[in-house]
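I'd like to ask you about the structure that follows.
First chain written, first letter: the chains are A, B, C and D, and each begins at residue 1.
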Amino acid sequence: MKRAIVIAAALVFGGLLINAIVDLPSSPVNLRIAVADNMAKSGVSHPVTAVLLNFRGYDTLLEIAVLLLALIGLMAAGPMLPPPPNQPADAMLQKLARIATPPVIVVGGYLLWAGAFRPGGAFQAGAVLAAAMVLLHLSGLLSAWNAQLLPLARRVILVGGFVLFLCVSVALLAAGSLLQYPPEQAGLLILLIESGLTLSLAAILAGLFLFLSRDNGGAP
Amino acid sequence: MSSELLFAVVGALIFTLGVAGTILVANLLRRILAFNLMGSGAFLVLVGLAQRGGESDPVPHAMVLTGIVVAVAATALALALLRKQHEVKDSEEELTEIDDG
Amino acid sequence: MTSGELLPLAVFFSSLIPGVLIFLMPESATRTRTTLNILGAVVKLVLIFILLAGVRAGDEFGVSFAVLEGLELAFKADALGLLFITLSAVLWLLTTLYAIGYLEHSAFRRRFFGFFSLCVTSTMGIAMAANLFTFFVFYELLTLSTFPLVVHRGTQAAMRGGRIYLAYTLTGGTVLLTGIVLVQNLLGHTDFAHGGVLGAFDDSRSTYLKAIFFLLIAGVGVKAAIVPLHGWLPQAMVAPAPVSALLHAVAVVKAGAFGIVRIVYEIYGVEFAQSLGLLTPLAIAASITILWGSLRALSQDDLKRRLAFSTVSQVSYIVLGVALFGPIGTIGGVVHLVHQGLMKITLFFCAGNYAETLGIHKVSEMDGAGRRMPVTTLAFSIAALGMMGAPFTAGAVSKAWLSDGAVAANMGWVVWVLWGSSLLNAGYFLPILWRTWFRCNRSGWHAEHIPVAGWRETALLLLIPPIVTATATIAAGIYANSDLSPLAWARLIASREYVTEIVR
Amino acid sequence: MVEPVTFVVWLIVLPLAWAAAAFVTGERIGAWLGVVGSAIQTFLVVWMVATWHVAVPVIHRVGGWGAPLGIDLTVDGLALAMLLLTQVVSLPLTIYARSYFSEDASKSRHFWPLAGFLITGLNALFVSADLFNIYVTLEIVGLSAVSLVAIGGGKAQISAALRYLFATLIGSGAYLLGVALIYGAFGSVSLATLIPLVGSNPPQAFALAGLLMLFGLMLKTALFPFHYWLPPAHGGAAAPVSALLSALVVKASFYLTLRLWTELFASIADDIAWIPALLGAGAILWGSWRAIQAIRIKMLIAYSTVAQLGYLFLVFPLLPGQDAIRATVMQACAHGAAKAAMFAAAGVLIKATGQDTMAGLAGMTGRLPLTLFAFGLAGMTLMGLPPSSGFLAKWQLIEAGMARDLWIIPVVALAGGLLTAVYIFRILSFAFLLSPSSVKIATVPRVQEWTAFALAAGSVLLGLRGVELMALLPGQVP
């Protein structure tokens, strides 16, 4: 009964939605032009990166905060159950992981550098590096992290990129407003921020996996 | 219907699917997937609508990238809580019990 | 700030500050607490005498603070307000003394005296309120500050009494608030003024104005215990004797009666209320309350319950006086505000003494109490006779002016109500006097003890207050025509509420 | 004169900074960072309010681009009032929390970073003038609130957090689709750009977007009947968390509802204004009813929040009247301070008696008078009894209703006040009961009692001086 009602309601809603989408007029504002006009001042040549790190960099700043707080929330949910006995990882897998890791790191570096002029950037780079860490963990080469006793260095890496980003934005407050890059240094500053973010994002994304892993990384 | 709206319409369908899922699916893990479906639908609508009239508008692309990261964060938190809930061995009747507090 | 603004505030803070300090002090600091209480009460009296002199000379005392745009917390000390203030301040001092004796060695005294002071502070606010909004603020504060006193004993019975008390008063407060907002909506302000502020409206609004009047009177009528809104009063008897005294003579019921006076005289204006035909229904309601209260009192064996129903009846004398169009009735009603206070507090002091000393709670146990406690019983008798309206007592003065007022307002039937009530009063007081004086006690006193060192009769602190108030009851009767009597002050008030000259 | 807008940026940056720092330094230093940071924020916002003189909103263009390309931060009286409420309530709560969590490192370690992010999200949300940026701030608030509920990871907390998370995710999902539709319709998400573009007959997608976004926000505000997630979350979390959530978090999504309702969606709002009012009335009745029946103290307070949120929505038929906005802002501030005080006091009582039941309160007026007094004062504000800020809110609501002859609104408000009295005095009566002196109670640090009392006293004192707060909002009483 409930099922039928929900499905019927969903159908009606979907119909309305599609109908609304189909008879949309062309939008009065067109930001494409605005973006194109300001690309020169943005410090990068790829429009999406320009929007992400410059025009709407404030969104990105807060978004890192979201990612960070999700990680902390995940840690706050409390310690997981004691781990099952570690089964020795498959030697073949370990060898594969060892071979795969260096090129993956290179790819990450490339993605970071490419972000300035083509699709890419800190997130993609960070994601790739995180993937490498997960791979190492699964193959038993990297032990899981324990949310309850987290070494200072790891904590610093986790927030470092974000703090760097925050410091730059605040420093630019001198220019009049938050994140107001001077056009000439914009490219450099963005690269700086992205490099920091790459490391932290890699750590955070990996952390989302490694904190949840049952292998508690040699904690007492 | 113009072909460039196709993405937006598909996005609308996916969103609707997700909504129905969040209400109908009992299994919490599946429900989390349904939320992701909702999010993806919304992103698709955003991007789809952005590229009406030929070349695409970078602003919504950037928004979607931001949105995806937020969605990842939310999903991670949801999964962590779900894991934790399974570990502390409680289930739906616990929820209702709190409710009657 | 000028002295005209400072004085009312000083009167206000003279009880608020001790209250707050008492809360901050530890439970054990008995002596400091007592000193603070007495000091506050004395300071208050001094300030009030300055005010009295000023007001008699025709000075204006007032101060106001904006709470919101177009909404002011405003105080004024006028003749009518001062009558109430003086009464409360004097009786506060006596009740405090009495309570110190009464609660010796009992728990939670900090809480008791703290809320006691807040309660008196609220009463001051009610008396000095210069508009309905301010009146309401302190009217509700009074409810809140008396609740802990009513439930002070902490028993289930006390809780039940407290719940009933709140159910009545908070609902009444809501009704009152509705009326007040309607007035605000009509005028844009709710200020009190001699001769009323609503008089400006023509007949087209008369039904609307009548409805508002009903809401306002119903709201304050709860505390004034007008039948059928009186249900909480007998229930509140669970409170300790000093609290009952406060509730019945000083604070709560008086706040209700005082509210009715303010609303009739300074919101509607007595002439306008008369022209709307609102006074006769009010008089009828008052008369019904007077008779019903006395009738119920007859059948009560519990002494405090009997006194409670007597209060229900007596307070409506004030309402009746207000409802009698014409200055004479007004004087009768207003002066009874004071006289009833003096007499009723005496009765409750005495009831408390019987309970504390001899463990007597029921009328049927009072045989021979007069021999055992002559002074207390003498005070009790004087107050009781006063209630009946016996000559040379305050009660006689009230009743004389009320009946004359009734005649002047050509409401002859009211005279009969007064006579009937006097008979009923005799009906439930004389048996008590008979038992205490002329019957001797055979069974002995089952719970006899003297709380603290005193005479053989009882503790000194329990004895002095009733003696003072009983004496005052007689003095107010005998020296009614002197310039310092409550009556004289009531005439002053009436002369300011009415344009017409007072003749008698 | 110093431009107050630059302070606004600091209100967002500071908590971000101390949140990150607290994560690195750990609980002990983190607690201090939180307290000091909140103190500075409070100082800044008070300064802003004191120097606030312009009637027109002040705009801060992040990145210097300006809308629609960039993101604008807009500060007007309404936003300033909410900023003030947030800082003024969170400062005592941080002091309270520092003492509350002192003996439990595993909890406080994560409390401070999360609290910092929560306050950032709130401040950023109040001043953001960009629909998509608002979505991000909403997620910061939502996810940090959920994580705060989950702290400690007890059974009840985890299930409550999960249920809360699902609710807030549905809400943001609906809101996000709304943003997508609006971008499709107008090509911008900047409020300043959009508002003039919305003509007399906007495209169908606009109305749909409005419904989606308002629904999402009402779900996040736990407006009846979408309140199902609130009682377990607010009633199950640690006391400081419950206080933050009940006092501030639900107000954030309400603030957005109000803002979008009166500014962006004004054209479609009038026809459906009775719906939120009706739900609000339902919330008052149902929430109060459940509170009256509650057995646990914190569950009673949580249901009282459900009821009190109803008052906020009662005014919607009166919008966009300034008097109605004043009334609802006063209610938001009154409830914010009072509810924070109440949860703080409940925390003290529960720690002292060792049980979250009303029966355990017997005799507490003698043992913990200050805390009970705080509870009573907060209750006074919730009941709307004078001279509390709750009374001023009720008074303004009634006046606004009468000014438009909508009698039902005053009637509901007055009835709600009486229902509130029933459950408030139900608790207090338990506390006045005599207890067997054998009952032992744990000692609670005085600072917790005093912070609870300070919040309660604040909620009452605001009632004696509502002028300053109301002066922030434009327009005078007609």
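Criterion: contacts are C-beta pairs under 8 Å (C-beta built on N, C-alpha and C of every residue); 3 or more make two chains touch, one makes a residue touch a chain.
Computed from a predicted structure; not experimentally measured.
Novice: Select the chain whose centre, defined as the mean of its C-alpha atoms, is least distant from the mean of all protein C-alpha atoms.
Specialist: D
Novice: Compute the distance, rounded to whole Å, between the mean C-alpha positions of chain A and chain D.
Specialist: Computed value for the inter-centroid distance: 30 Å.
Novice: Using mean CA coordinates as chain centres, what's the chain B-chain D distance in Å?
Specialist: 26
Novice: Suppose each chain is reduced to the average of its Cα coordinates; what separation in Å results between chain B and chain C?
Specialist: Once rounded, the distance between the two centres reads 67 Å.
Novice: Could you work out how far the Cα centre of chain A sits from that of chain C, in whole Å?
Specialist: 73
Novice: Would you pick out the residues of chain A that each touch at least 2 other chains?
Specialist: In chain A, the residues touching two or more other chains are 17, 21, 24, 27, 30-31, 35, 55-56, 59, 63, 66, 69-70, 73-74, 77-78.
Novice: Name the residues of chain C that each touch 2 or more other chains.
Specialist: none
Novice: By residue number and range, which residues of chain D touch two or more other chains?
Specialist: 132, 136, 139, 143, 146-147, 150, 153, 158, 161, 181, 183-184, 187
Novice: Would you please name all pairs of chains that touch?
Specialist: A-B, A-D, B-D, C-D
Novice: Touching residues of chain D toward chain C in the complex: what are they?
Specialist: Residues 363, 365-366, 369, 373, 376, 380, 385-387, 391-392, 395-396, 398-399, 402-403, 410, 414, 417-418, 421, 425, 429, 432-434, 463-467, 470, 476-477 of chain D touch chain C in their complex.
Novice: Considering the complex alone, what residue numbers of chain C touch chain D?
Specialist: On the chain C side, the touching residues are 23, 65-71, 73, 107-108, 110-111, 136-137, 140-141, 144, 147-148, 151, 153-156, 158-159, 162-163, 166, 170-171, 173-174, 177-178, 181-182, 184-185.
Novice: Considering only the defined contacts, which chain B positions touch chain A in the complex?
Specialist: That would be residues 1, 5, 8-9, 12-13, 15-17, 19-20, 23-24, 45, 49, 52-53, 55-59, 61-63, 65-66, 69-70, 72-74, 76-77, 79-81, 83-84, 87 of chain B.
Novice: Which residues of chain D touch chain B in their complex?
Specialist: 132, 135-136, 139, 143, 146-147, 150, 153-156, 158-163, 165-166, 169-170, 173, 176-177, 179-181, 183-184, 187, 189, 228, 231-232, 235-236, 294-296, 299, 302
Novice: For chain D, which residues are in contact with chain A within the complex?
Specialist: 6, 9, 13, 16-17, 19-20, 23-24, 60-65, 68-71, 106, 110-111, 113-114, 117, 120-121, 124, 132-133, 136-137, 139-140, 143-144, 146-148, 150-153, 158, 161, 181, 183-188, 193, 197, 203-205, 208
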